[in-house]
Amino acid sequence: MIQLQHITKRFGQLTVLDDISFEIENGGTFAVLGPNGSGKTTILKIILGMVLPQRGEVLVQDNKVRQTWDYRKQISYLPQIARFPDNLTVRELIKMIKDLRNMPSREDELVEMLGLQKFMDKKLGNLSGGTRQKVNIVLTFMFDVPILILDEPTAGLDPVSLIRLKDLIEKEKAAGKIILITTHILSLVESLADEIIFLLEGHIHFRGSLGALSQKTGEKDLEHSIAALLE
Amino acid sequence: MRLTTTFLLLLIAHLGTTGVLKVCPSCTIQTIAAAVRTAEPMDSILVQKGVYTCSDLEVKKPVSLIGEEGAILDGLGSGYVLKILSDSVTVTGLKIINSGRSYTKDFAAIYAFRANHFTLSNLEIVNPFFGILLEKSKNGIVRSNKIYGASKREDDSGNGIHLWHCSNTIVENNEVYGLRDGIYLEFVDDSMVKNNYAHDNIRYGLHFMFSNRDEYLENTFRNNGAGVAVMFSKFIVMKENKFTHNWGTASYGLLLKEIYDAEVVDNSFTENTIGIFIDGSTRINYLGNLFKQNGWAVKVSGGCYTNKFFKNNFIGNSFDVSYNSKMNDNSFNGNYWSDYTGYDLDKNGVGDVPYRPVKLFSYIVNNTPETIILLRSLFVDIINFSEKVSPVFTPDDLIDNQPSIFVFQ
Amino acid sequence: MILKVLKYSFSDLIRSRWSYVYLAFYLVLGFVLLFLNDNLSKAVITLMNIVVVLTPMIGTIFGIMYFYNSREFTELLLAQPIRRRTIFLGQYLGVALSLSLSLVLGLGIPFTIYGITQSSQIWDFATLLISGTFLTFIFTGLSIYIGLLNTNKIKGFGYAILMWLFFAVIYDGIFLISLVIFDDYPLDKFTLFASFLNPIDLSRIMILLKLDISALLGYTGALFQKFFGTSQGLIVAFAMLLVWTIGPTILMIRKSSRKDF
């Protein structure tokens, strides 16, 4: 479970998150939405300990995370931009992350599923953006951890891989995991998200299920609901 | 050792024609003084193994004093040990200890006055005030002696071999260390100093004052306060000497002060704070010398005219040439400079671009010595370069127009 | 853990084109110097002039480039269950080690072939490589620290180059001018102190102690005499270089633990 208590984050003069609190108790898929610059990535990074808030506490599985690191054993993160050391091969990168995390993994299955076998010995610097994103996905899903944080997981993916990704997420959800996701692909939200956390001007403007959202806004589809929220 | 023995035997055989007196602790003659007293002119006195008290002994007749191995003269710490006051005296093979010290008198292990045709050889003189002190004597030989002390201060130590108003004397194959000056010559003309080894002396390895037409060759001067000082002298030839490791404030391999018409040829100057320090010296030729890894290879100070440097090797010195003025009347043409960065397109072995041996930085260090710490820094390279392009502080006519591409062998 | 991060960033870097270029540069430099100068001591002196200026520059540029280029990868690592300092120490050591390796191999191979190991110059050469390695570490550390301070790439790069320029040239310029201006005062304490504050000066002095001891001993000050005349100088210079290596590393770790990524 994840708990955010009174999180405030400023970058210079700009307050990105202003006294935000929320709690995720049980498994499920949570979509963090909001306009550009509303602090979606910042929230994810605060949970991961990469961005340090001025105020407030983050608790993961009931432990405060400030200045600790081993709680991240329970989190997998898929970063927004997939860039890796240019001169390592895919195989070496996967081996490195396995080395660092030192826990059982299922990379072979994922590599096969995403069709990465023939790239295994290629240098990462020579791969296309989409292929790098697939590597990114392998790195994220190969460990069995209770929390998954996905920042724009669909970037650069072809339709086939997109479907595979959805399957993956579904399976993880079925296993009772907490999945936090940011994305611009609203169809993905519609088909996957149990709950929506909508950020606006540093506050949580809305939190609830898709149904609750359309009830609140009176709009049928997500696109219009969000447009209504922004007005 | 074998050589010495052979030499001794020959000497004894030769002297067989004249009288030989033996001195030993159990002989009829038991002291050197008694032997000298009884000896006829041209007699030999053979000093056998043993320690003999000998203080202020005046030798006034031409005799030979020959020490066998283990023959020791003990001066008991007062006065001179031997005073030679006659021509044709030979002293050889003795070890001399405990000669006197004084702040007012120049006590010496062996002192000679108006004694010509002397030979002093194969002596070992331990911890003397002066080792060998020769005054107004001519045509003598000082050869293969070993003179050493453990002096720490200049004012309470004397010189190893000291010549005053002498001429036509040869000083060779001696080793002198731990004294004030290794070898000192004052008013000494037409003499030769050859193949001596002077090291670890407090002041100079070799010191010339007011001496003319002398030569010194093939000597080694190492780790002295300064290697050699030649002052107020004319027509001195300095050849094939080695000046090494003379380190310290104002220390140098060779100091030339008020010298005229000298030749400095084929010497090597290695790892001295200053290789040659030239002060007020004129018409001197420096040919075929090696200057290697000195602080300053050549430091020129005031009033030096028509000095000529050619075919010298300057290798890895911190500064090749240093001047304290913008005036220059000396020539530096045709040397090898390891710092030379020019090229030789016509392949004649001579660089096509002239070399400027005086750097701006050496001028700065002359004025502010602490700046030495910035030696070889990029900033210093930059200012040196700009000075090279347009000289402001250094003599602009001090140029080697024919810098050699190759090291002279 | 550091070793794991180090292992991968090192194996990434030593396969990069720039590492080869850097290695090749030293190889060529070494062979050319030895070919042009038939004597080792001259080659060592020329090399000193190059190494003392170039290793800090390359350390600075590589450090800051690596820092900015691997920003996304660093983020990936930050999301893993590892301490922050492990990541930055690992990456820092990876860069510094791969650069040092290029230096040591690039100069070591030609000089070994030429027979430096049997020569009396071996200690001069060893001192040169040691101080070159120190400079690589110090300036890599400093530039990564500058990277951590500046999110803006252009700014960070600019500051890093300025930092190198400062230590390589400007500092000595100010130093020299102030020595000349305050000529009338006793300066030896100031001089020694001021040279401790610049790692490039320190390594240069370490090499001077080998190559130019004859000149250094020409200066009158008792402190200088003691510093240069005994092994004390070398020991103190070495210790100060160590301080200079550890200092930026600590700054780097402290800054990294407080920074947002």
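Side notes on the structure shown:
First chain written, first letter: the chains are A, B and C, and each begins at residue 1.
Heads up, the rule we're going with is that a residue touches a chain if its C-beta (ideal position, glycine included) is under 8 Å from a C-beta of that chain, and two chains touch if they have at least 3 such contacts.
Bear in mind that the values here come from a model prediction, so they are computed numbers and not experimental data.
Each step here moves to a touching chain, and the least such steps from chain A to chain B number 2. For chain pairs A-C and B-C, the one joined by more C-beta pairs in contact is B-C. With each centre defined as the average position of its C-alpha atoms, the distance from chain A to chain B rounds to 86 Å.
Averaging C-alpha coordinates per chain places the centre of chain A 41 Å away from that of chain C.
Distance between chain centres (mean CA atoms), chain B to chain C: 45 Å.
For chain B, no residue reaches two or more other chains under the stated contact definition. Residues 11, 45, 48-52, 67, 69-73, 75, 77, 79, 81-88, 92, 96-97, 99-101, 139, 149 of chain A touch chain C in their complex.
Residues 247-251, 271-274, 293-296, 315-316, 318-319, 338, 364, 367-382, 407 of chain B are the ones that touch chain C when the two sit in their complex. Contact residues of chain C toward chain B in the complex are 38-39, 41-42, 45, 48-49, 52-53, 168-169, 172-173, 175-176, 179-180, 183, 187-188, 191-192, 195, 200-201, 204-205, 207-208, 211-221, 224-225.
Residues 1, 4-5, 8-9, 11-13, 15-16, 69-73, 75-84, 257-258, 260-261 of chain C touch chain A in their complex.
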